[in-house]
Each structure stands twice: as C-alpha cells, then as structure tokens.
Amino acid sequence: MAENVVMLFQWLVFLGIALVCIFASIMVISNKNPVHCALWMVLTFLATAGLYVMLHSQFIAIVQVIVYAGAIMMLILFVVMLLDLEVELRSRLKFLYSKAIGGFFAVLLMLGIFYAVITRVLKGNVGSFTPEKVSAMGNVKAVGKVLFTDYLFPFEVASILLVVGIVGAVIMSKRREARKE
Amino acid sequence: MDHLLSTIIFLPIVGVLVLLFINKENHSAIRVVAFVFSLVEFILSLPLFFLFNNATHEMQFQEVVPWIESYGITYHLGIDGISLLLVLLTTFLTVLCILSSWSAITVRVKEYMISFLFLETGMVGALVALDLVLFYVFWEVMLIPMYLLIGIWGDPKRRIYAAMKFFIYTMAGSVLMLVAILALYFFNLKATGIHTFGVLELYKTVIPVGTQYWLFAAFAVAFAIKVPMFPFHTWLPDAHTEAPTAGSVILAGVLLKMGTYGFIRFAMPLFPNAAMVFLPLICILAIIGIIYGAMVSMMQADLKRLVAFSSVSHLGYVMLGMFALNMQGVEGSVYQMLNHGVSTGSLFLLVGMIYERRHTRMISDFGGLSKVMPVFAVIFMIVTLSSIGLPGTNGFVGEFLILLGVFRSKIVYGVMAATGVILGAAYMLWMFQRVMFGEIKNPENMKLKDLNMREIATMVPLVLLIFVMGIYPKLFFTKMDVSVDHFLKGFKAKYEMKGEAPTPRLTSILTVESVRERVSPSSGTN
Amino acid sequence: MGITVPQINFSIIAPELIISAFALVVLLLGVFFPRTGKNDYLGYVSLVGIVVAFLYTFPIMGKSQYAFNNMIVADGFGVFFKVIFLIIAFLTVLISIGYARRVDIDFGEYYALIMFATLGMMLMAAGTSLITIFLGLETMSIAIYVLAGLMRGDRKSIESALKYFLLGAFATGFLLYGMALIYGSTGTIILEEIAAYIKSKPELLRSPMIIMGIALLTIGFGFKVATVPFHMWTPDVYEGAPTSITAFMATGVKAAGFAGFIRVFFSALGAFQPDWIAIMWLLAVATMTVGNVVAIAQTNIKRMLAYSSIAHAGYILVAFVAGNELGTASILFYLLVYAFMNIGAFTVVILLGKRGEENVLISDYAGIGFKYPLLGASMTIFMLSMAGIPPLGGFMGKFYIFSAAVKAEYYWLAVIGVLNSAISVYYYLRVTVFMYFREPEREITGLTFSPASVVAVIISVWGVLYMGIFPSDILALAQRSITGLL
Amino acid sequence: MIIPTVPPSCYLVLGAILFTIGVIGALTRRNAIVVFMCIELMLNAVNVSFITLSRFLNSPHGVMFVFFVMAVAAAEAAVGLAIFVQLYRTRETINVDEINLMKW
Amino acid sequence: MLDYVWLVPLFPAVGFIINGLIGKRIDRRLVGWIGCSAIGLSFFFSILLFFELIQLPPASRHHEFEIFEWVVSGDFRTVIGYQVDPLSILMALVVSGVSFFIHIYSIGYMHGDPGYPRYFTYLNLFVFMMLNLVLANNFLLMFVGWEGVGLCSYLLIGFWFERDSASNAGKKAFVVNRVGDFGFLLGIFLIFTNLGTLDFTEVFHKAPSLDVTLATTIAILLFIGAAGKSAQLPLYVWLPDAMEGPTPVSSLIHAATMVTAGVYMIARCNVLYSMAPIALTIVAVIGVATAIYAASIGLTQNDIKRVLAYSTISQLGYMFLGVGVGAYGAGMFHLMTHAFFKGLLFLGAGSVMHAMSGELDMRKMGGLRRKIPITFWTFVPATLAIAGIPGFSGFFSKDEILWQAYSSSHGHFLLWAVGVIAAGMTSFYMFRLLFMTFFGQCRAPEEVKKHIHESPKVMTVPLGVLSVLSIIGGYVGIPHIFGGGFNKIGEFLAPVVGGHGEVAKGHAVFSFEKVAHAAEGGGATATAHGLQSASMEMILMAISVIVALIGILMAYVFYIKRPNLPGIVAEKGKTLYTVLINKYFVDEIYEFCFVDSLKSLGIALWKGFDDLVIDGAVNGVGHLTVGLSGVLRKIQTGFVQSYAFFMIIGGVIVVGYYMIRAIFY
C-alpha cells in the first residue's frame, strides 16, 4: 500500500515536472521577448533539477540550479539586457516553409529517438554505483570521490577548458583598442 | 653504364637546376644551356641504341631500387626494343624542339626551357618505367609542363581553354587507370601473395576474364584518350593548335605515343582476353579514326588543326596495326609511332617556321610560297610525302606493314583502312598545294625569307631520318624484332591461360552482408 | 574509505602538459609584457613550446600505454596524430607571425588559444574515453570559436565566429546525445570497454538505442570534419576567419575530427561497421562531389579552399569506408600531407596580402607566377598536390586512400573518388591559370614577406615533395601506428 | 526502500522531447541569443538522459558526464555571449537572418 | 655482268642527287649534261645487259640480284633487288632509251625556264623510279617505283606551280593514281597473305596453288592499280589534265613510259591473269572500251596536246586489249612502238608549241609544214604509225593486237570490231591534227607568226631518232603470216609471257605446269588455227587498214577540202558534239560525286559532328559541372539557420538509414 502510494506519488511528481519542463521549453521557443525566454529557460532548468533529485543526483541538481539556472542564465539575461534587445519580430525572410519542414524533420528525429529508447532497450553494464551505496556515503562525497580518482584527468582538462572559455570571453568582448602607431 | 637510364631520366632535371641559377634576362645563355643539356641527353641515349642486345627479349639496362616497400613499389627501369626506339625519338625530338624555339620564344625563356626539360624527364621516365606506379607518376608528370607550355606560350586566343581541356581530359582518363592499377595489384596480391606493381611480374598473373574486361577498359580509356582514338580526340586539335610550335611537336611526336605505347606495354599484355574481346570495337574505332580524321582534316582552314586531325588519322593506323596481333601489324605499328613522331613533328616545325614569319596559320593567307622559299618548299614536300606514306620515305614502311598485318588478320579491316591511303594523299596534297603553289596573292608573302641555317639544321636531321627510315628500316627493325615477337608470344600464351570467369564484383554497396561476414563482431575490438 | 589516486603517468601526457604550460606562459607574457606592434616574440615562444612538445612525442612513440584510468592512451595512433597537430600548430604559428600583426590580433591570447586548441586536438586523438574526446573537442572548438572571430572589427570575422559557434554548439548537442545513448547501451564510456561489452553481448548489435547513438555520433563528427550535408558552415567560416586560423581549422580541426571519429568508430564501434559502412559510402560520395563541384564556381580563394577541404574530407571518408588497416593508415598519411599542402596554400594566400588589401580573390592572382616566381611555383605545387598529381604528396595520399578502397573492393567508390579528383583539377588549375596565363589587371605592389611565413612555405613545399617522392617511411610509420586500433 | 517506479523510458522520452523542442527552437528563432538558449536546452535534454541512464545503470559516468557538460556549457556561454556582444557592436544586430555577408 | 643491273637505276639516282642538291648553284649546261649523261649511261648499261642477256639460251634468260634486305618483319621479307629477264630488259631499254632522247630534247625545250635544275632533278628521279618499277624483282619494290613515278608525275605536272591549273592537275593525277594504288596495294596484300612472299619468282612459282576466285580477285585488284596508272576507264581523268606539265614530260611520262606501267605489270603478272579468265576479260573489255571512248573524245578536241592525250589513253586501251586477250607479247610490242611514236608526237607537238610561242590551240595554227619542216617531216611518220598504215611500226603492233583480239581463246569478234572502229577514229583525229596544224593557212596572230621558227638541233635530233624508230620499230615483230621467224619480239618475250608461235613451246625457265599450260594454250591456238586463220588474218588486216584509210580520207575532206564541214557536222549532231567536246562531262560528274561530296562531308563531319556532337558532349560535361556548381552553391544562403536546417535533414537521413537497418535487419 505504502509502496503504491510512493509509486503514485512518484508518477505524479514526474508527470508534473515533465509537463512543467515541456511547457516551459515550449515557451522558450515561442516567446517573442528574449527576456521572457530566458526566464522560461530558468524555469526549465529548475524543473530539470527536480528531475535530477528524483533520480538521486542531488549534487547535480544543486549544480544545475547554481551553475545553470543561476550563473549561466543570469549571464544570458544580463547580456540580453545589455544589448537592449527588443521583442523579436517575424523574420522578413520567408523562412516559414523551411522552418516548418525543419520542425517536421526534428519531429521525425524525435520519433526515431523514441523508438530507440523505448524498444528493445538492453541494459548496459550495470555498475556498483548504486543509490544505496551513494546515499550511504553521501552524494557529494561519492561524486567527489569519483571525480578526483577516475575522472581526475577530465577534471584537469575541464580547468583548461574553462581557462580557454574565460580567455576567449575576455578577448572577444574587449573593445577594439585603437591601434597605436 | 649501370645507371644509364636513370641518368637519362634525371639529366634534364640537372639542367633545370642549372637554369635556375641563370639570370632570367640572359636569354642566350639560357638557350645554350638548355640546348647543351638536351644534346648531351641525346648523346647519352645513343649508347642505348648501340649497346642494345638485339637477341634477347629481356628488358635491358634494368635498374631496380625499392621505393615503397610496403606496397612492393619499386623504381624499376628497363627498356626493350619497343621502348628503346621511342626513348631515342624523345631525346632526339627534344633537341630539335629546343633548337626550334630559339627565336620563336622570346618571353619567359627560362621558364620555357625549364618546362621543356621537365617534360623530357616525364616522357623518358614513362617510357622506361617498368613499375605501374612509377609509370603512372611519370605519365602524370608529363602533363604539367605540357599544360604550362600550352597555357603560357600558346596562342593568346584560346590557349587557356586548350590547356585546361588537355589537362582535364587526359587526367580524367588516367585516374581510371589508377584504379585499375590498384585493382590489378590487389588481385595479384590475393592470387600470388606477392606485393608488386612490376609489370614483368604482373604479366605472369592469370586474371579471370570477367575481371579483365573492367581492368582493360579502364586502361584502354586512359590510353585511348592519349592516343587519341576517335571519339576521344577533341582535345587534340585544340591543344595542338594553341600550343607553341615545339609544344605541338612534342605533343604529336612523343606524348601521343604514350597512349599507343601504353597499349602495347600494359593494356594488351596484361589483359589479353579482354583485349581480344574489345578488339573489334577498337579496330572499328581506329578505322573510323583513320577515315574521319582524314575527312575532317581535309576541310581545315588552320594548318595546325589540319595536321592535328591528320594525327588522329595516323594514330588510327597505329592502333589498328597493334591490334592486328601479328608481327607485321605490331612492328609496323611501332614503326609508325616513330614515323609519326618524325614526320608530324617535322610538319609542326615547318608550320611553326612560317608562323614565326607571318604570324598566321590560316591556309588561305598563304599560297605560292614555293617561289619565295624554295628550300622550305623542298623540305615541306619531303615531309608531306613522308606523311602521305610515299615509298622511299619512312611513312610507307610503317603504313604498309600495318595494312599488311591488318589485312592478314582481318581482310575487311585492312580494306577499309587502306582507303585512308587515298584520303591521306588528298588532304595533305591539297594543303600543300594551297600553301606552296599558285601565285603569291598576299603581298606580305613576297617578302618572306627562306629558312636560315639554324632552321635548316633543325630540319636536316629529320629529313635524313625520313629517308634512312624509309630506305633502310632494318636498322630499326632488328632492334625490335625479338621484343615484338616476345610480346606476341606472351600475349598468346597468356590468352590461352585464361582463368575461369566469375562475375566481377563491383556492386560493393549492395553487398553489405558480405562485409558483415568479413567483419565479424569479434573483430571489432582491438 | 580513502581516495585511491589513479595511476598518474605524466610522461604519457608530456606533450599535452608542455603545450598547456607554454600556452599559459604565452598568455601571461602577453598580459604582463605587451609590446604593441612587436608581439612576434610571443609567436617564437609558442614555437619553442611546440618544438619541445614535439620532442616529447618521441619517448612515447611506439608504445601503447594507458593512463588516468584508461581515459587517455599513448599509442601509435595518438602519437601520430599528435605529431600531425604539432606540425600544424607549428606551421600555423609560423604563418601567424607577421600576419597576426597585420590584422591586429597579435596578442598573447592569440598564440595561447592556438596552443590550447592544439591541446584539445591532441586529447581527441589520444583520448580513449568518450569524456576525454568530448572535452578535447570542446577545448579545441571553444578556442577556435574565439580565434575565428578574433578580428573583432572585421564584419566577416565576427560573422564567421557566430556561425561556427552556433552550429558547433548545435552539433555538439547531437554528439553528446549520441554519447549518452552509447553510454546507456553499454554502461561505460571507456572505448575499449564499450567494444568488449558489445563483444560479450552480440544481441546489442541489433539494439536500436546504440545504433541511434552511432547515428547521432555520425552527425556530430560529420560536422567537425565537414562532410556533406553537415559541411555548410565551412565555406563561410573559412572565408571570414583570419587566414592563419582558416589554415589551422582546415587542417587541424579536420584532422582532430577524424582522429576522434576513427578512434570512436573503430576502437569502440568496430562491430557496427556493416551498419555504418553504407551511410559513410553515401557521405563520402556526397562530400567529394559537392565539395569539388561547388568549388568550381568560387571566386574567393579562401572559399575555394574551404570547398576543397570539404572534398578532401570526402576522400578521407573513402578510406574510412574501406575500413581496413590500409584505409586507416592512409588517413593518417593523407592528413599529414594534407596539412602541409593546405597550410602551404593558405600561407601563400597570406603572403600575397598586405594591410588593408588581402587579395583573396582568385583573379587577384593574375600574373603572380611571373612576378613572384618562387611563390607562384610553391602555390602551383600545393595546388597540384591537392589535385593529386604525382609525384607530390597529395598524389601519394590519394593513392593510398584509393588503394584501400580497392583493396576492400569498393571499386565504384574508388572510381567516383578518382573522377572527383579529375573534377578538382579544374579549379586547382584555375589558380595556376590566373597565376601564369592571365595578364594582371592591377599591379600588386608593396608586399613584404614575413620571413617566418616564408619558412612555413618552404617547410610545406618540402613536406609535400618529401611525402610524394619518399613516402615509404612515413607510410610505414602510419601503418605501424594503427596496429591495435582496429 | 525506494523503488524506482517510473521506468527509465519515460525519462528518456522526456529528454527526447526536450531535445526536439530545442532543435525546433534553434531552427526557428531569429535572435542569436535565443538560438543559443535553445541549444542549451538541447544540452539540458541530453543531461537528463545521462542522469537517467546513470541512475538506472548504477554507474557514475553519466553523472560525471553531466558535470563536465555543464562546465562546457558554461565556457560556451561565456564565449558565445562575448561573440554576441562583439557582433552587436560591429553589426548592430544579433538577428541571425540578417547576418549573411558570406554566402555561396 | 648481269649482276651490275643495279647500275642501271643507279645513274639516274646519282643524277637526281647531284642535281637536287647542287643543281641551283652550278652552271645550267652542266645540269643538263649531268641529267642527260646519267640517263645515257643508264641506257648504255641497259644495252649491255640486253646483249648479255641474249647471249644466254632463252630458257635461262633470267637473273636476279639482291642489294639489301629492305623490310623484314616476321615472315615478311622484301629486298631491294633487281631482276633481268627479257621483259624487264625490254622495258628498261625503252625507258632509258626514250628518256635519253627526251632528256636531250629537254635541254633545248627548257633552256629558258627558271626551274631548269629542278626539272632535270625531277626527270632523273622519274627515270630512277621507272627503272625501279621495271627492274624490280618483287612486288613491293615495283610498288615503290610505281608510287615513285606517280610522285614524279605529280611534281612534273605541277612543274609550273604558280599556275593553279597545273598544281590542280598534279594533285588530281596523284590522288587518282592513289585510288589505283589502293587496288594494287590490296592485291599485294592478298598475294602475300596467300602465298607468303612478294618475290616475283616465288609468287609465280606458287601461284598455281591459288584457287581461281582468289587469283581472279588478285588479278582484278592489280588491274585497278594498272587502270589508275595507265589511265583506263574509269580512272583516266587525270591524264588529259596532266598536259599541264612541260611537253617533254607529257611525252616521256604521260605517253611513252609511266602510263604503260600498267601494261607492263599485267604482262609481268601474266601467270596470275592466265589463271583468271574473268579478270582477263575485264581487262580486255575495259581496254577496248577505253580505246573507243578516248578516241571519240579525241575527235573533237582542239588542244593539240589534249588530242594526243586522249590518243594516248586510247592506245593504252589497245594495249590492255592485247594483254586482256592473253596476248601479253602483243601488248608489250604495242607498248614499245607506242613509246616511239607517241613520244615523238608529243615532242613534235612540243616543237610546234616552241615555234608558236606556246600556243596549243590547233585552230590558231595551220600551214606550219613549210615553216618548221623538220618537225613536220618527223611528225608525219609518227602519225602514219599511229594510224596503222602498213609499213610503219604502229601497224605491226596494233594489228597484232587486233588479230589476237579476234583469234585468241580469250578474244571475241566484238572486241576486234570495236578495236577497228577505234582505229578508224584514231586515224581520223590524228590526221585532223596533222592537217589543222601543218596544212592550210596559218591562222595564228601576226605577232606569233613572225616568231615562228624551227627548233634547235638539240631538239630536232631526238625527233629524227625517234621518227626512225617509229618507222623501223615495228620490224622486230612482223606477223608470222609474213614469215614466221621474224616475230623477234614475241620470241624474245616468250620465256616470260609465253604466247607466241613455236618458241612458246620450247621455253623452259617457267616450265611449271600452269604456266606451261597457259603458254601452250596460247601457242597451240596459234598453231592449230595457223593455216585456216592465215587467210582470215589477212582479211582482218585489210579491213583495219581500209578503216584507217577511210579515217584519213574523212580528215582530208573535213579539214583540207571543205574546212567548213566540221562546223556543219557539229551543228547537225549538236548534242553528240557537246557531249564529246565536253568529254562526256565525266570531269564534272567526278567533281560532283567525289570531290564536292567529300568536301561537304568533311565539313559536315567537322562542323556538325566533331564540333557539335563530340566536342559538344565534352564541353557539355564541363558546362554541366560548372552549371551544377552554380546551382549548388546557391544552397549556401549564408543564413545560419538554413545550415542547421540542412544539418537536420541530413541528420534525419542518417538516422533514418540506421533506424531502418536497426528495424529490418
């Protein structure tokens, strides 16, 4: 009984979050105002964070909220504001057809992915990183352990990557200095 | 003497290097250096002739150096009686070409001479290469200098078109040959386990008939374009017409022979069964070429175009003779290659000489030149007659043997081809008449100067050769007798060993399943 | 429950470390010792770094050592690619010295980003897990996004950065999704383990999920190597980016894309070869044909070279389809020779420009062949090499590629390939037509040749000739390099 | 004891839907920043799939992957926004359908 | 001594080389002297050889000498080699002898011409080639000579190359000859293919093994060659035009020697022809048809050289009639006498032209017999000879042919009848020529009249020599009805050509079955019918003489008695006259059928096929690619989203393919 309630609850939460996700992302792509788009985007990210929690990835959920919804989206929002972008007008180009066809193809692609993820799904190599173990040692700790052992190398690479990103961002957004002859 | 062939191939490159260090304004020094190098080259090639052993069909003066070991590609050179004569023709004509460019080329002389020497390397290399890849390399190397010669020093009006057409046309044909070479290599690898591109080894491989068709077709297209055989010939008139004189000479004299030489050295002995299957087609195309070339030639208004189309006709004989597959046909065909080089080369030189004086090649601009240029007229006459194939000149011997050979192997072809004899006389003499005979109508022609000593020096060797080859052909036939005989015997022997004929696999895309078999799931890991 | 640190073997990643160290040094030097208008020294420092890194590839040559929990490997394949990338980086830096100053991008970050991008490429080649490859790819890409748009005042440059960035990120989405699905099907991201898992569970061969993953990976890598129809960014980006970076992209990014592509598809997904072979066949044909055909109509030489680089990707895909050892080895060989000839060509493009007058139209080349004979000759060599004329490196590259196709009995593919290379002759020769056959309409005067660029041309010419005439050693090396990969 | 009852397929389908919405957005929106957001949406969808797979395979790789994807996304965002800013400075627009100086 | 046969052609070759290389730089007289002495020496050696030969018994009068191997290829082998036998030595004598006199004549005739050295160069070359032709011991060398004389003919016809008509005529001669050579060449191929050799001795030795069809084919092909060279129907058209050359050339090449090569060749190949009766009949019919056809044209021509040209064609027709009925000796006999009198006639015409300042139209001549008496008096015997007046050389040879045409086993009454009619025409037009030129009033313009003068000695002496030969030349072949033993020439030639009288039986050299049979056949016919036919022969001979006399009479009536009669007759038979004076419009028809149509075909092939179809296809592929390029590049719109759009489409295709494989495989 209790299990059924938990099941039901889980389903309800899942469906709720999924609907929020989908709705919010549809709003992202349909809203004319970039600022609103960004805000809907934040909502999508937050909802996704909820999903992560449901999937026992609390650490990622937190990061999602802080980094994605917080930092990245704020950055985007900031730039949108900075550039003082107006409400998006309909394109003066007759893109409609190609957009419709593109959308159609995207949907086809989606159907393909549906097929791929639903039918004949074979489970991959099941590992030992079970939720039980994880919750036993704490999610963050578990993740951290993996990160600094197995993923030490990618972690270091990521640092370089971020350096590149920072340097790139800085150098790109620097105003063009007047050439000193 | 061990590296004679290599020396001959790369001497022109040395010449190029020397030229690079000469001031480009110093035209006379450049000319002299280029001439000296070509002359030394020719003199170096003479020992080939005199030291050549007539009695053996084996390749002589061989040099084998591994080049790309993993493929078994070697730097393998050697000559037999067939290539010997063509090598000599090449070195000989180059000397004359450089001589003939003395005053014709006044701009960018250095680049010109460099191109020419490069061209010589390519030509000699292609003739003596006994490794398919090496041959292909030289074969393509020839294209570039020729392309530059046409494009830079050609007639301003259409030179770019002609150069591009020449390059792309021949290139398109030869790339297919490359695929065929590779296919042959892998076939041989599978059959014998030997990594080799060496022609001599590949001669021994027995190839199933079905495979032969495709391989032969690929080789044949490449060579047929170069020859050029009838439907593939349209690059030739353009290239010939637009090229500078010496370019036309080399183009007609040597480059076209690469096609026919390719047939005799590669396409036919490697794939005799396919050659026999394609024989009627090739013969008929050759005959069409003979007659068609003559007919079209007859009506040309441009001298060089006329000679170009006559090449189509003459090369038709060569092809036909080769496919007669008997001693007379093949020997005549080889001989006719030389003849064509000498006589058509001379024709282009002569046309170039009057072009230099009048800056026109239109037949209608001339007339009555015999009167003002008697020496020219005599030489022109001799060359024309050689081109017609008059007995006593070289042209006759080749043409006669070819026709005889063809007649022996298939009478109908022989009869049809022989009609070219009539047409050949008609268009050449008509041209000669319009240029040399009649009143001088154009006042500009009155002032024309006869040939100077340099020009005479250019032509005299050719004229002498015309007669020597016509009167004492034995000198040359003894060189090639054994080789041609060996070619025929080898052809026949291999023809009779034909492998069983499974259907050729060319539809790989449809046979994914077989790929799956080859790549079983287990082989997917490392 | 302490942390067990994985085996750390710095010698395996020595080149990467050196490159990143030097990148940082250059970065800092650029910040603390900026010498406006005289920043060439940064380039030379970078060159030193690259050379040192290059020297450190020798110790790891001929080994096959994994490190960092199988995240990265030092095997022949990776090392060969590292050598390619370092050569490319070396040449790129060489040609940048002078050019960067001309277009006002000669700050430390420029050289640092080139080195970072090189690092990313090396990771792609050496990475043996999806994550390493992904991170390498992103490191490279992000650096290149920036580099492409570095001429900030230039409308075209920034446009090319935008296009490359948006489409690159878009393609990354597909790539990632593919990785996710493959991960989902196998439960691991280490390539070897993926292969082993597939081998242990043959029913996986028919699993739609993993096949979908492969399809999405095809799209992702297809974008990076610019195969049709994922090629469309190429011409625009190549045209707009600074020429030195275009050269870098055309060679380095493509090579890195192929490195990752091959690594993933052959090491991990080799069992699926029957599945991907036909689509690769199609992509190869489409890529070659579209690249070559459209290149014909181009008037801008950078754009033309962009299309030609698409075509070259098509040739490489031919070898990819062939899928045998010969094919893979020929890809390595081809990419190396392609690096030489393509960078060489772009160097000539750079040399023929001057401040405010880049001379990138093919018609600007009229008469160059006689005005600057050696430059013209070099350009001719590069063009002919790309067209596949012996005895230049490009020919040998194509020779190996097509021989691989023929060996695998893909005759039609080989035929289409060679016919395409005949088509390509047309536009490559057009450059020589302009250089030698046409009279110039306007004089190009006042060019100053940067010595470093001239050195780059010389090196490229040498490379093209060497690999054309004496290809044996390098081919043998390439063949040794791929042992254990398939 | 927490038993996962919502099958992984559902999460994966949700991921696919989000991905597709992102694709459609990237194809249709004019504003480069919005296009970029849509691409972020795609990455987010992939992240969902990763986490799901990681959860149901009991393996840490998916989580790690997502972690790095986020890092990449951050770096990309930084660079991308810098590009947009720079673009706006030179072209005074970031509408992608007004940016076709280079074509054919 | 016979081994020195190569000296005979050598001298002219030497003369050719010397004159050709340095002729322009040395004194003119020296040039002429070199030219003549070269031929003279050649003639001298021919005579020596001749006497050497007749020392031998008839059966062994055959000698071959090989100089060097020429073309050797596999089983094919030909040599440069000469042979001496009665036939070749006879030809050599005629050729070198007549040439010698014509060379001498030329010194005078050409003395003012700027191309004097060139002329002698060509002429020597011609003699060299002609001697090669007649002395060759194999078909190929014969062919060399054959083509060589054609070349010289071309060069000499077009000697005055500034004149378009001359160069046209030269080209025409060469090309038409090439048509004949085409046949000859095929004949040679067929011989070699079937017999494996081209050596005369071996070919004729092996020939009996050929089957009749093959022999016939070979014979006909060879005859095509002969018809081209000897201007027989339908390949005669070049000969009248050939008169554009200098007159001694016409005399030497286009009357006395070269054009008779065809007859010689058939006589040489008599073994083959005797095996092929059909071929023989064709030869005879063509011969007689040519004889009457050309004679009928000759009736109306006004150009003195043209009349002679048609007359030559007609006489050649006789020769072919002779060889065509198997009477090779008779044909050769006529060849020889014809060489004398026709050579003389041309030289005479040349002398007339010389006197008339180059005038050729007979209507502008007349009454010349007093002004140039030597020419006239040498001209007359030649005219009588050609007309077939008994006692002159032409009578004997022509009558021999006519008799054989009637009586030979290959002969037929009709052949004889047509031949006789042609003979009548011959005497008519020859006397017409004689009367118009030398009798009546001089119709030349005053200016020309003043300059009429006799030719110099150097010209008249050869005329005299030849006129003597025209008279006595026939006495080597007196018909056996006048005394069997006197047909020296038939007797002499019999070892080679078989045929005549008693001797035929005895010949031994070629005593191979078929040959012997053929020869005996001929001989037997003669002897078997000997007695009854003697009277018949007398009758026929009388008829032909009467016909000839009627021809003369008519000419006399038309051109002496009633000079206005020709006009009236021409008016009456206007159509016929028009046809005849326009030479049956054959030139026009040929022009239309072959020349024009070939030219338009050439243009059609060039412009229509080569440029449009082939090159069109080639360039079409190029343009298509470039066009495709132009279209495809438009996909690249520059909009980032359209790129993404194409990526998606491509992605869906890729994904779709994989999925379909995943689902269905």
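A few comments on the model shown:
Read from first to last, the chains carry the letters A, B, C, D and E; within each, the first residue is number 1.
Please note the rule applied: a residue touches a chain if its C-beta (ideal position, glycine included) is under 8 Å from a C-beta of that chain, and two chains touch if they have at least 3 such contacts.
Note that the coordinates shown come from a computational prediction; the quantities given were computed from them, not determined experimentally.
The chains touching chain B as well as chain E are C.
Farthest from chain B, judged by the mean position of CA atoms in each chain, is A. Distances between chain centres, each the mean of the C-alpha atoms, put E farthest from chain D. When every pair of chains is scored by its C-beta contact pairs, the maximum goes to A-D.
If each chain is reduced to the centroid of its CA atoms, chain A and chain E end up 103 Å from each other. Chain centres here are Cα averages; for chain B and chain C they lie 41 Å apart.
Distance from the chain C centre to the chain D centre is 26 Å, each centre being the mean of its Cα atoms. Chain C and chain E, compared by their mean Cα positions, are separated by 79 Å. Within chain D, residues 12, 19, 22-23, 26-28, 35-36, 53, 57, 59, 64, 68, 72, 75-76, 79, 82-84, 86, 89, 96-97, 99, 101-104 each touch two or more of the remaining chains. In chain E, the residues that touch at least two other chains are 622, 633, 636, 638-642, 644-645, 648-649, 651, 655, 659, 662-663. Of all residues in chain B, those that touch two or more other chains are 168.
According to the touch criterion at the top of this document, the contacting chain pairs are A-C, A-D, A-E, B-C, B-E, C-D, C-E, D-E. Note for the complex: chain D touches chain C at residues 12, 19, 22-23, 26, 32, 35-36, 39, 42-43, 45-46, 49-50, 53, 57, 59, 61-62, 64-65, 68-69, 72, 75-76, 79-80, 82-84, 86-87, 89-91, 96, 99, 101-104. Of all residues in chain C, only 1, 3-6, 8, 13, 20, 24, 27, 36-37, 67-69, 71-72, 104, 107, 109, 112-113, 116, 119, 123, 129, 131-132, 135-136, 138-139, 142-143, 145-146, 149-150, 152-153, 161, 177, 181, 183-188, 193, 197, 201, 203-204, 206-209, 211-213, 215 touch chain A in the complex they form.
Those residues of chain E that touch chain A in the complex are listed here as 639, 641-642, 644-645, 648-649, 651-652, 655-656, 659, 662-663. Across the complex, chain B meets chain E through its residues 165, 168-169, 231, 233-235, 292, 295-300, 326-328, 331-332, 368, 370-371, 374, 385, 390-392, 396-397, 400-401, 403-404, 407-408, 411, 414-415, 418-419, 421-422, 425-426, 429-430, 433, 436-439, 471-474, 477, 481, 485.
Those residues of chain D that touch chain E in the shared complex are 23, 26-28, 35, 96-97, 99-104.
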